[in-house]
Each structure stands twice: as C-alpha cells, then as structure tokens.
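Working notes, structure below.
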Amino acid sequence: MTFALPAAEAQALLDATLRGELPDDRGRFGPFGGRYVPETLVPAFERLEQGVREHLHDAGFQAEFQRELREWVGRPTALTHAPRLSEHWGTEVWLKREDLAHTGAHKINNAIGQALLAKRLGARRVIAETGAGQHGVASAAACARVGLPCAVYMGAVDIERQAPNVDRMKRLGADVIAVETGDKTLRAAIDEALREWVTDPAGIYYLLGSAVGAHPYPYLVRELQSVIGEEARQQMIDQAGGLPDAVFACVGGGSNAIGLFYPLLGDDIELIGVEAGGTGDGLGQNAATLATGTPGVLQGAYTMILQDADGQVQETHSISAGLDYSGVGPEHALLQATGRVTYVSANDADSLAALEELCATEGVLTALETAHAYAYAREWSSRNPGKRILIGNSGRGDKDMPTLTRYPVRSGSHGGA
Amino acid sequence: MTFALPAAEAQALLDATLRGELPDDRGRFGPFGGRYVPETLVPAFERLEQGVREHLHDAGFQAEFQRELREWVGRPTALTHAPRLSEHWGTEVWLKREDLAHTGAHKINNAIGQALLAKRLGARRVIAETGAGQHGVASAAACARVGLPCAVYMGAVDIERQAPNVDRMKRLGADVIAVETGDKTLRAAIDEALREWVTDPAGIYYLLGSAVGAHPYPYLVRELQSVIGEEARQQMIDQAGGLPDAVFACVGGGSNAIGLFYPLLGDDIELIGVEAGGTGDGLGQNAATLATGTPGVLQGAYTMILQDADGQVQETHSISAGLDYSGVGPEHALLQATGRVTYVSANDADSLAALEELCATEGVLTALETAHAYAYAREWSSRNPGKRILIGNSGRGDKDMPTLTRYPVRSGSHGGA
Amino acid sequence: MAAHERLTAAIRAANSKGQPALVPFLTAGYPEPDEFVDTLRAIAAVGDVVEVGIPFSDPMADGMTIQRSSFEALRKGVSLAWIFDELEKAGDLATPLVMMSYLNPLLAFGYDRLAERALATGVCGFIVPDLPFEESSELRAALEAKGLGLIQLVTPATPAARLRMLSDASRGFVYAVTITGITGGGSGLPDDLADYLDSVSASTELPVCAGFGIREAKDVANVGAHAAGAIVGSALVEVLERGDDPAAYLESLRS
Amino acid sequence: MAAHERLTAAIRAANSKGQPALVPFLTAGYPEPDEFVDTLRAIAAVGDVVEVGIPFSDPMADGMTIQRSSFEALRKGVSLAWIFDELEKAGDLATPLVMMSYLNPLLAFGYDRLAERALATGVCGFIVPDLPFEESSELRAALEAKGLGLIQLVTPATPAARLRMLSDASRGFVYAVTITGITGGGSGLPDDLADYLDSVSASTELPVCAGFGIREAKDVANVGAHAAGAIVGSALVEVLERGDDPAAYLESLRS
C-alpha cells in the first residue's frame, strides 16, 4: 500500500523540503515525524534538540566534523565506474563507495558526527543500538576516537548472524549487550537502548544509527549523512560528465538513502529506494515498510510501519540484518507520499544473486543490505537500456560471510564471464 | 646479524637507488636480487620482464592504473592524525591509512596493477599465493574487476588462522587451493604457485603479492606500491605542515614498507622496518629475517633469509600470517646493508598490546601485521619525545578476528582512558 | 459527572478513609484471556482505581515483567477490541478503570470509536506512555468530547514550568513517576521522594498517584504520606505470573 | 679425463651397447640414512650414471614425491656434509655420480670446498634446478676449476638461440626436460617428443638425457630412440617409498 498526499499539499511539502524548511519546529516532515517518547525522556530529547541547534551548524563543530570525515573516515569516498556490470545490464553504472569508509559502511559518517556532538554535550558515556552490527562497530570506533565509553545493544538473533561485527565491536572497546526481548533484532535493541537512556538521561548520549526515531534524530542523521549525496553529485559531474538518470539506495531505517537522495531532490533524477522483500509479500515475510506498510507510530515517530489491523507492529524477515526493521525514517514516508521518491523491494534470492554478480564483474563484495539496491537496479536497467545510473554502495559484505557461506557460490558466474 | 657493505660501496649503491638505477639490468639491487628460477620458468620470466618494460611506464597503462587506483581502490587513502595516541606516546603520530583501500590493505595497489598487466600480456588466467589472505582477496577482486579467472594458493595453516579472508576470496570468485606441503604457510604457497605456473607459462600470469622473488617482481611491486609513499609525503606536507622525523612500516615480504619508504629515501627521515619478533630470538621462533638472518637464495632471489648453517630454510613463527615468511624483498636487504633503513622486530605480545592501544585510543582496528609497526614505534617514541612520526597502517584487522578472539580484550585500556 | 471525575472521586474517597488510594495495574488477558474478567473483578474489589494495560508489540517504556505479560497476552490473541468486548460483558464494576496503552493500538482503533467504547465500558481515562503532551492534542480532544481524561505523567526530572503545564493538562489524577527508569525496577524509592511528591501535589488540584517501583506495604505507606495514591504494576504482574492470589497480595499492601 | 667427461663416457658406453643410458635419481638418505650407501650401490650397479639428490627445505621445482622424500631425509638429519662423508666411506663406485641440489645448500657449503669434496667422492657434475645460466658464472667457475660439470637443463619451451647457448655451456650431458612441468607428473610423454629431443641432440656434441615423467620400460624406449639417456626420478623414489627393490625396478626398465 502506498500512502499518497493530495497533489497540492505534496507539492507544497516538496517545495518546503527543497528550501530546507523540513522538519518543522515540531520535528514534522509534513504529516510524518514528531516526537512520541515517554515523559521520562522528554528532557533528554529537549537537551539533544537544543544541542543540535547550537552545535550542528556551528563553524567550529563543522570544521571538526569535516576534518574527521576527511582524515579519519577517509572521505571523499570513491565514485567507481562499473564497466563490466554496465555491459551486463545495458546501462551505465556508477557506484558511490561507502564501503570504503572507515569501518566499512556509511554508518561511520553519522557515528563520528554524533560522537563529536556527545562530547560537546558533556556526555559521560554513549549507548547505541545495532542491527547488522555496522552501526555498532561505527559507534565503538567513533567513541574510541573521541574518548567516550560505549555500550551497544544488539538483538540476540543479529548477534548470531553478524558475528564478525560483534567481535570487532568488542575489540574496539565497546560493551555488547545481547537483547533477548521482543523480536531479538533491531527493533528490540532500540527499545532496550531507550530503556537504558531513561536511567541517566543527562549522563548518557544515545547514538541512534539511522534516520528514524523521534525528532531530532531523523534530521540529525540526514544532516550528517548528506555528505554522501553531496560528494556523489559533484563526482558524477566530474567523472561521468553529468548527473545520473536514476539513483538507487537500499532502505532499512533509511540513513544511507536519505544521505544520498537529499542533495539530489532538486535535480531531474529518478530516485528509488529499495527495501527488503524477504521471502514474499505476506506480513512477516519481508521488511518492505514503505512498499507495503501503513502509517503509525513506532519508536518515537509517526511514519510508515509494518503493523496489523490492531496496530501491533509486525516482525519482519530479511536475509540482511540491517534492513530487518518494521519502521522507516519519517522523511522517507514524506518523500513517498509526495511521489518524489519511489520505494520498491527486492527479495532475498534476487539480492543474493545481485551480490554475486557484482563480485564476479567488478570485484566488489557488497553488503547484503546494499545488494538489494543492485537487485532492483538490475531489473530497472532491463527496462531502461542506455540510461546512466548511480547506486549507493552503502557497505561491504565482510560482515555477511556467516550468512553468505550458507549459500554456495554459483559456478559459472565468475571470472572472465 | 646484520649484513653491512663497505661505506663507499654502500654510498654508491644508495646514490644509484636515489637516481632510480636499481635494480640493474640483471635485476640486482647491489649484491641482492637476481633471478634464480628453474629453466622451465625462464621464458615466463623473460616474457614478464619484457611486458613490464613495455607497459609499466607506458602512458596508456599508467592512465588506466591511476584511474583504477582512484576510482576503484579509493585512493588517495587518508592520512590520519592520531591525537590520543600522540598523547599516550609523547610523539606526534600520523597514520597512512592503507586499511581504507578497497579490500582492506595496501595489497590491492599491487594486485590491480598486475591484473591490468596480465590482461595486457594476454594471460588466460591468474594464479596467486597468499599468507594473511589479504593478497588473495586483493587478487580475487582485481581479477574479477579485469575479467580474468583466478586461483589462490594458500597454506593450510594460514587457511585456518585467516578464515574470514578465505570466504571472501571464494565469494569474489577465486579458487582457493589449500597447500599441505612444506611449512603449510606462505613459503609453501609460493612454491606451489610456481609449480603451477610451470605447467602453462604462457597462459598463466603469476600475480606475486610482495616485493620478493625473482626479477622483475621486486621492482614491479615496488613501482606499483610507491603510490603509498608518494601520497604520504605530500599529505604530511599539506596536513602536518612538514615531513616526519621517522617513518615505521611492518615488513613481511616488504611490499608496504618499500612502497612507503622508497619515495622518502632522499629525505632526511629515519626509516624503520619492523619485522615479526614472534615469541623469541631463537631460529624458528620469529620471522625477523633482516634482523637475524643471513644472505642466501630463496624463491628466486639472493636476499636475507632465515636459514641454518647447511643452507636449509627455517620455518618461522609469527602471530601474523602476513609476516610469517623466511625471506624478504632484496631491496630491503640492500637498504639494510647500506644503513639507509634500520630493521628491527617486535614480538607477538607487544604487537597485540599495540593493536589494542590503537583500538582504544583512535578507534582503528589494525591488522596484526601492522600492529608490529605500532609496537616498535611506541617503544621508539619513549626514547624520542616530541618527534613527529608516520606509521604505515598497512591493513585492517577484520581478517584477524579468529586469532584475536583467542586473546581477550584487556580491561581498563578502553574508552575515555 | 464527567468520566474522569470518577477517577478523582474514587481516589479522594480512599483518602477520606485515611489511606492512600491503591491503583493496581493488570495486563489485559494475562495470564489467561478467559480469566480476564474474573481477575479484573478480584483486583477491582480491592483497588480504588484499576489500570488496564493494553498489550503492545513494542512496549518500550516497560521493564521485563510487563513486557513478558504483554507479549504473552498478544500471543494469546488479546486485542483492544476484544478487551472492550470483555469489559462490556463484565458490566459495571463500580471501580473506575483507566487504560494504559501505547499510542499505536489507539491510532489503529480510531480515536472517536475509542472514546465511545471507553465511555460505554467504565473506562474513565487513558495513560499513554509514548505520547508526550506536545503530540497529544488530537487524542485529548477526542477523549474530552466524551468527558474522558488523558492522564499526564510527570517525573522527578520534569522542570517546574513543564510540571505546571502537565498538571493543568491532566485529568482524573496526575501520574507521578517516582524514578527516572522503566517499570519493574527493584524496590527502593529515591531519598528525595517526599520533596518530589510534595511539589507535584502542590502543582495541581488533582490527586497525585505515584508509580514505578512500588512492591511492598512500606512503599505504599512511604508514598501515601506525600501522594494521594500508589500505583502497583510489575509487582502485581509477578504475583499473577507466580499464580498467586492478586487480591490477597493487594490486601497485604494496605496493612 | 676431466670428471665431467666420465659422465659423457659412461653414457656413450651404454649407447655403444645399443641401449639408452639409464640415469636413476636417489634422494640422499631416503628412506633411511643408514641405508644410503647400500641403496646407492644397488642403484649404481644398474644405472650408468646416478643422480644424487641433496634434500632441501624448499624444493620448488619438485613434485610431491620428491618433496616428501626430501623433507623426510632432512628430518632425519641428512646434510650435504654428511652426504660427502658417506660417499667417502663408500669408496669408488665405478658409476659416475651427479649431484642435484638447489642453490642455497651449495652456497652455504661454499663453492670451493664443494668442488674439492665432489672431486674426492666421485661426483662428476651438478644439476642445480634453480640456477639458470645467467646466474651461474660463479658456481661454474668453481666447478670447472676442478674439471666438474655444471649440467644445463633445457625444455621444450626453450627458444633455439637459448638452446644453443645452454648446450654449449653444459658439461657431461645436456638435461632435456621432456615436459614443461614439475617432477613426478603422470606418465605419458608429449606427442612431439621426438622432434624436441632430436633438436636438442642436434644442438650439441654432448649426449642428451631426457627426464621428467619416465616411469616404464616403454618410456625409456621412447626416449631412447631420440636421446642418449633416460633419467628416472619420482618413479624410483616411489619404489623406495613402497619398500620395493630399486635394482629390480631399474632392470625392468631395460626390458
């Protein structure tokens, strides 16, 4: 189901977005967003909002943030032309290489930005949640870099399927706390982190990992991740000689997608977010929140969620832990409702096949999350030959080896193919 | 034992090095180097040498190589200031971040360069050896990128301790061939790869992973890796405001070290290569070839090697698979003999501690190989307070998790420390 | 009398007998859906106001105990519609009820329909833990149209100006969270509890009920010295979990 | 007569009897060091020239069989010095010997001392698989000073000009590798073997011995039709590995 706004309202909201006026003072992206949190957390969120307002666009903070991005994260990340994949697909394919960022995914842009903010706000320690473990690793690294202790909440199911990242977090000095409640994946981990935050809202900084949750997180994360799209836009002009016709990004909570899309909203480019189609269309078989969900309130925001008729949030399925979430960032809900961005899904099997094709043709082992963007871009390419496209290569697949080893490499698709 | 040349000869050879005249026509770096290979391989080596001469400095090849480095590998890699480590050590510490290169180590610079060369030479398939698995992963990726099938020889011992990399190679489409002969580590893997090469010297390209072996490999690998030092030199000037007083790199075969050192040889900088000190000074307890070896011929070159009085090559020990090699690149033997570069060693325990310290202070999980450079740089810093130093951060430690998880994180050293 | 005034009256009635009002919390349909009405009756016979918890898939403000009861009830098919049906069957209990629910099930149910059915089943007010005042105007309006109360929570960290605003907005009573934590933390109330509860009480004409961490008779007494009522949540759910008699447990809190 | 000429003469002598010379290869000290001299004698009684393999830790040009024998001999303490001592004890065997060794043990031993001890123990030449002609001048000089030969290997891939150069440089005989592979590959000689061996033979006055992949009498016969001798390596080591009689096996190759 797709939630659409009346045309005039959609246009007005889109214009407001382009003018940088959203979220509004109440943290709203049109009808979406807001701040639905327990009264116990209201002072913490107000302090955070105040801190964001004070520091985020402060020249001193920005200089520090940009220096960390350049010197420590390794930005700008490369823009890669994919000649062999292009040949296979019949489109001109470019990849924005967030997998080359420190710790292996776009998550670090946000993590180091918020860690610097935590430091400025005088936090004594940092907590974070993680799904695929990428945000946990990024948070652990960023906290070490700025010198703050860090605890990461992670669902027991995800701990198992992303074991390499668990070890990395610990080695980087974070406490990893297994969450055994609820669905034991990302959603439960966020709840646990929020519960922990309540115990010491002044001393703890909660470093949320995607463009989800209550205001100001969706805004804060978008601002920190927009460097992806800003770089990519300029690089396409410099390296490809012009902007792409279409841009694809995978959407879990939506942070890499909003980071890539936001700076491109004003351009004449088709923007496509790809969610996890899992094993099928039924409730519980996928994590295609925008493609199949309905509006509701989850974990602090009014947004699209996967829920039943009673408003109970549904468990999701995806082969990729980082997309396995029943909600999505509220700004994506708005971008969908206005028609500016199209949200689709790719299933487990097609995503695995796409991951393999990318390995075989370009020597890039992408994350399972990211593979969803490839799966759909491939299908889109078959309908749009000759177009120029850009894919947000949000992370690397090293962390997915425990899952991938369960699927043997299909012979014949590799080397010289 | 250190092999030293008479002062006049040393100076003459150093001058020749600085003028770019070494290796000479016979592939010699002064007394070291050469080409000690079976007659069956002589035509293959001649063809390779011819190919290197023809293509390596050809404008077309260089343009392609530089584009791949920029667009696909993600160069330039960042230069990171390490403020918290600097505070701990009392020196101003900078890191050259090869861990941010595609596939996670400097190895990719060489792998993509040689893969492009293989393509130009009309090879039908590529073989490679690997120790830590980094070169195997890099070769697998590079071969996929250029569209050549790839087989990687890897010692059975290394397959076990670098499991994550084995899976990555396979996923990137390479055949991984377990070597059960000899010491079942890197040396045996090189022998097996050479044996395979003999069976089809014209159709196979052997993509050697370090600055070792018979001419032209030490030269070829140095040329392809020198981008590290060239970038670092400029970045130090731009970011640190001047060149470092001392530069540290770990030395296995010596490719990251030569890549970093070579462009700095003419500067007034102390250059220090750090080998694997293993568990002790005895033969077989370490892999400190330059620090404790003697001249001899191993796997194609006259160089420093670890051997007994009968000329039998000794097995080595190091916690890091990538340093676990009884030989070393012949150019390092020359740089040692001329006194230009100092070679020392760091043991397993100090390297582990250094790895942990870097995690805790800067949020960078470095490779176990690389950790050796930190261990010695730390000790050096205690004797040279106030100096500015540069460390070649040759790779990331993700691949080492199976080894590292056997060593629990030492409490107290992390977060806010 | 508006429905929310029934809450105020019930609490005042208890106070007029010289004791704090007891406000037990029950996860609807826990431990067994078909015992819901009986359990509710037993609890309502002792309590002055009963808080009925609507199970939710994502109980972010609750501790382990209430989470477990919530998931268990959901697993057994409990829904808001079913709860209203059961309350309807139960008929008037004399003891006024409040519903404690996360926002999303209420949103899904529809606010107008919600207010209607609440009014028809003896539900006098709502506690919505993830709905801060700033987001609450729509729900408040729908409830007020039927005389139902939206009970506001305040905490020890709530600044004075906000405390006044929340107290003004509250209906029925003001819910004073005693610790800045989640439900079901260990017993042990903060030292400066008295000052805190006194200041909440001073901010409003309404009775103040204190909740979170109340497990024993002495907790009720402590709280009762500075507040009009004591809310008993996790501790009561644990009694149900163990299969013990909830009424007997509640009686014990009065002694 | 220089020592290397003894090799040429022994091969010619076999040929003059209408048969190819048989050049068996034995890893020194394999399978048991204390049986070395006896095994050598038994083999020398059948072979026309015997190739004695010096075990090396890094036998890069050898296949699995010879690698295994080499590691085994090393494990049991075999060294070049020990081998010379044993040869000295054995006295003159009548059959001339060549030593096959990787370069590093020879380097470690010292070239001059090497040439001296070789001359004293009936070793007439050396085959050094990892020493191509271009790197060989020092060793060659040391050997020639004592009349010892440095036997060159040629392969089917060796270009004509290089073939002439290598043939010219060789002493005793020319070693023609029959397949571009490592030792110990399966039986089966290349189709164009005859042309290849004929062209090697045409490049030199010296006898040509063919090696690699010779396992059966028919291989010896095939090779013998176009070369002066047949070198038997891995197949003989396998016989020793199985504990079979090496002399009997070698005899069988002549039938």
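A, B, C and D label the chains in the order they appear, each numbered from 1.
Here, a contact is a pair of C-beta atoms (placed from the backbone, for glycine too) under 8 Å apart; a residue touches a chain by one contact, two chains touch by 3 or more.
Quick caveat: nothing in here was measured; it's all calculated off a predicted structure.
With centres computed as the average of Cα coordinates, no chain lies farther from chain C than D. If you average the Cα atoms of chain B and of chain D, the two centres end up 37 Å apart. Chain A and chain D, compared by their mean Cα positions, are separated by 67 Å. Listed for chain B are no residues, as none touches two or more other chains. Touching of two or more other chains is recorded for no residue of chain C. The touch graph of the protein chains shown is a line. Remark: the chains found to touch one another pair up as A-B, A-C, B-D. Residues 56-61, 63-64, 67, 71, 74, 79-81, 102-109, 129-132, 134-135, 152-155, 157-159, 162, 166, 177, 180-182 of chain D are the ones that touch chain B when the two sit in their complex. Listed in rising order, the residues of chain B touching chain A in the complex are 70-75, 77-81, 84, 97, 99-102, 104, 125, 140-145, 147-150, 164, 167-168, 170-174, 239, 356, 359-365, 397-398, 401, 404-405, 409, 413-417. On chain A, the positions that touch chain C within their shared complex are 26, 34-40, 42-43, 181-182, 187, 190-191, 194-195, 198-201, 296-300, 305, 307, 309-314.
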